[in-house]
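Heads up, there are several structures right after this.
First chain A sits with chain B, and in the next complex the same chain sits with chain C.
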Partner chain A sequence: MKENENMAWYTFKKGITSENPTYVQALGMCPTLAVTTAAINGLGMGLAVTVVLTLSNIIVSLIRKAVPKDIRIPIFITVIATFVTMIDLLMHAYTYDLWKSLGIFIPLIVVNCIILGRAEAFASKNPVHYAALDGLGMGIGFTLSLFLLGSIREILGNGSWMGIHLWNFKMFMFILPPGAFITLGFLAAFFNYLKIKKEEAAKAKAKAAKQAQAQKA
Partner chain B sequence: MKDILKNGVVLMLYAMVAAAVLGFVYVSTKDAIKNADLSAKFQAMKAVLTDYETGKLMVDEKLIKDKLMNSGEEKVVERTYEGVNGKVILPYYEFNVNGKKIFVLVGAAPGFGGDVKVMASFVKENGKIFLHSIRVLDASQETPGLGAKIMEEGPQKRFSGIPQSGLEKGVVVDKDAKDRSVKNKSNGVVKTSDIMTGATITPRAVANSINIMYSYLKEAVLGGEK
Partner chain C sequence: MMELVLIIISAMFVNNFVFSRFLGICPYLGVSKKMDSAVGMGMAVIFVMTVSAAIAWFLDKLLINLGLEFLRTIVFILVIAAFVQFIELFIKKNNPNLYDSLGIYLPLITTNCAILGLVVLNSMLKLNFLGAVFHALGASTGFAMALIIFAAIRERLDLYDIPKPFQDLSIALVTAGLLSMAFMGFQGMVK
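Now for the complex of A and B:
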């Protein structure tokens, strides 16, 4: 039971940290670079992806035994596209303002490779509850990444955050496409640096423990 | 061969289920979507029919609603103004209030990434037409933080109240107004460069769509009148 819980927690957590879709797996770059001109856009896109990813992971996992291997990709795409269209229609009908501001991002979700990637690599091989946790974790990881990227670009490029005016110093480049690549590059480098530091620390610790053991003997 | 057939049938079954689910959702949200679109249009119309000086609605709210409800299907008319290809999206709406005639039109002209869609109200009073105010309906293809700022009220208000002399000369943004001796609204010049720094293309699209709507109004709507 304990092990199961750990496994579930790991399945959820890995999408946010060690297998973060944006900074580690470098998946879904097109929407990442295109929509993160402001913090709120990043947040909206991230949440829309989270919902679609979780739902499609659940369905893909449920039907995984009834999907012939040769045609799994078209079937996954059908499932994903169905959810996206459904959400597009429902949001248009009942949350008009949100739909208006997210309108252009929603159709983009179909071709977001995170969703197909997780369906193929995880959901089609694992039981439903793990698939759901994986989708939720990856979605939240994606949301946080986009929110961070969007926040930095909005603060540097427009002098505001979440639409709140901060100062008049603006570097337009950060709102334009080059700013997206530069910010993403620096963030990916930073997270890689943290990862390497952590690994080095773990190695040093293991080495110290070994030495201590050798000395004891 | 047998495998291919089997795969085809399986794929078809999945597609059928997906189509059935989508069909169900489509039918059950159809009316709600129509209502949502209508109420968005209603809000925009209320905005352009609000006097920009006094802040009062010029036309009865109920009348606007009635006109909208009975307006029928949308129709797009392609139109060119001085080399710019734009559109007028019909139907247009006409209101008669205290001897004034108010026309509400929707037009579009290309911006930075796609069409910028604008609703505008023109008032005809004592034989003269002037542009009352505008509301940008869609600028979702413009650069966020730059061109997309046109969705804010400040830049849109700059286009309020352009007299006929300005409309006849053609509306331009101040950056394109090198040939105009006096840069004011009577000469068709709208100042946007201070409020939308770094973005000229989007307000230019708004100016173009106003010109397209005005030329349509003059030729197709008021063509027979004197």
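Now for the complex of A and C:
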């Protein structure tokens, strides 16, 4: 039972940390760069993707034994497109301002490689509860990445955070397209740096343990 | 006539798909490591995008007449996927040489958001048939141009000593940012 719990926790957690879709796998770059002009837009986009990803993972996992191998991709795309259409209509009805600022990128969730990628690589091979956890984890990882990027761009470029005015110092470039590329580039380098440091630390620890063992002998 | 020229120029430079609309970033970062593959991908995108824009224009009109606009996303993506599959089979059978150079890029195009993005944009902007096709032509040429410029820069980047955390994805993004800044110079050229 303990092992099962650990497995479930890992399935959920890996999307946020070790297999983060944005900074580690570099998937779904278009919405990441395009909608993060403000923190709230990043959050909204991330949540929409999380919902679609979790639901489509569940359905794909449920039908995984009935789907013929050769035509699985069109079937997955149809499932995803159905959920995206639902989200599109729901957002149009209830969060009109957000729907307007995300614009064309809501229908484009269909071709977001994270969703098809998870359907193909995980949901079509695993039971429902794991598929749901995987979708939720990846979605939350994506949301956090978008929220971080959106926050940085909004604070530096507009002097505000989540629509709250902070100061009058504004670097306009961060709201414009070049700012998106450059901020994401530096964030990716930062997470890469943390990863390299961690690997070096693990290596040093392993080496120390080996030396200690050799001394004992 | 003037209007069509303006549509092409605006889609190619002012609203370049990669640098200002952020469409097709995945292939842009993924296929730009070698010049040859960048050229191949660029050509494949020009072809697929222009033809799918034409097909989708008729489908869009049909859906509007039937009052089924909410099915747009599903219909468009399925048509693009089917069309790409069809071209792949067709080229494989009739022109093996072309297949060798374009073949591997075709399946990647289905999930290229630039194609679906353009089709959705066309339907949002309510362009007429010629406008839609020329918009596709301009946008895809702009995409190919961005891809080829970027591949040329990236081939040179390989020769430099880049700090370890910045290697690969990170330096590519920063380079793209600088390119995008250069393309901002076109802003305001077409109203």
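Convention: the second predicted complex is superposed on the first by the 201 of 217 C-alpha atoms of A that agree within 3 Å, B and C clash if a C-alpha of one lies under 4 Å from a C-alpha of the other, contacts with A are read in each partner's own complex, and residues count from 1 in each chain.
Keep this in mind: a residue touches a chain if its C-beta (ideal position, glycine included) is under 8 Å from a C-beta of that chain, and two chains touch if they have at least 3 such contacts.
A quick note: this is a predicted structure, and the numbers were derived from the prediction, not measured.
Judged by the touch definition given at the top, the superposed model places A:L62 against neither chain B nor chain C.
By the touch criterion defined above, A:Y96 lies against chain B but remains apart from chain C after alignment on the C-alpha atoms of chain A. More residues of chain A lie in touch with C than with the remaining chain of the pair chain B and chain C. By the touch criterion defined above, A:L148 lies against neither chain B nor chain C after alignment on the C-alpha atoms of chain A.
After overlaying the two complexes on the shared chain, residue contacts for A:A26 are found with chain C alone; chain B is out of touch. In the superposition on chain A, A:A8 makes contact with neither chain B nor chain C. Applying the stated contact rule after C-alpha superposition, one finds that A:G157 touches chain B and leaves chain C untouched. In the superposed model, A:I196 makes contact with chain C only, not with chain B. Touch criterion met: A:P74 reaches chain B and chain C at once. Once the two complexes are laid over each other on the shared chain, residue contacts for A:F186 go to chain C alone; chain B is not touched.
In the superposition on chain A, chain A positions 74, 78, 81-82, 85, 89, 104, 176 are in contact with chain B in one complex as well as with chain C in the other.
Across the complex, chain A meets chain C through its residues 26-31, 33-34, 73-74, 77-78, 81-82, 84-85, 88-89, 104, 107-108, 110-113, 116, 173, 176-182, 184-186, 188-190, 192-193, 196. Considering their complex, residues 19-26, 29, 70-74, 77-78, 81-82, 110-113, 116-117, 120-121, 124, 163-167, 169-174, 176-178, 180-181, 184 of chain C touch chain A. Against chain B, in their complex, chain A makes its touches with residues 37-38, 41, 67-68, 70-71, 74-75, 78-79, 81-82, 85-86, 89-90, 92-94, 96, 100, 103-104, 154, 157-158, 172, 175-176. Interface of chain B with chain A (complex): residues 3, 6-7, 10-11, 14-15, 18, 21-22, 25-26, 29, 32-33, 36, 39-40, 140-141, 143-146, 198.
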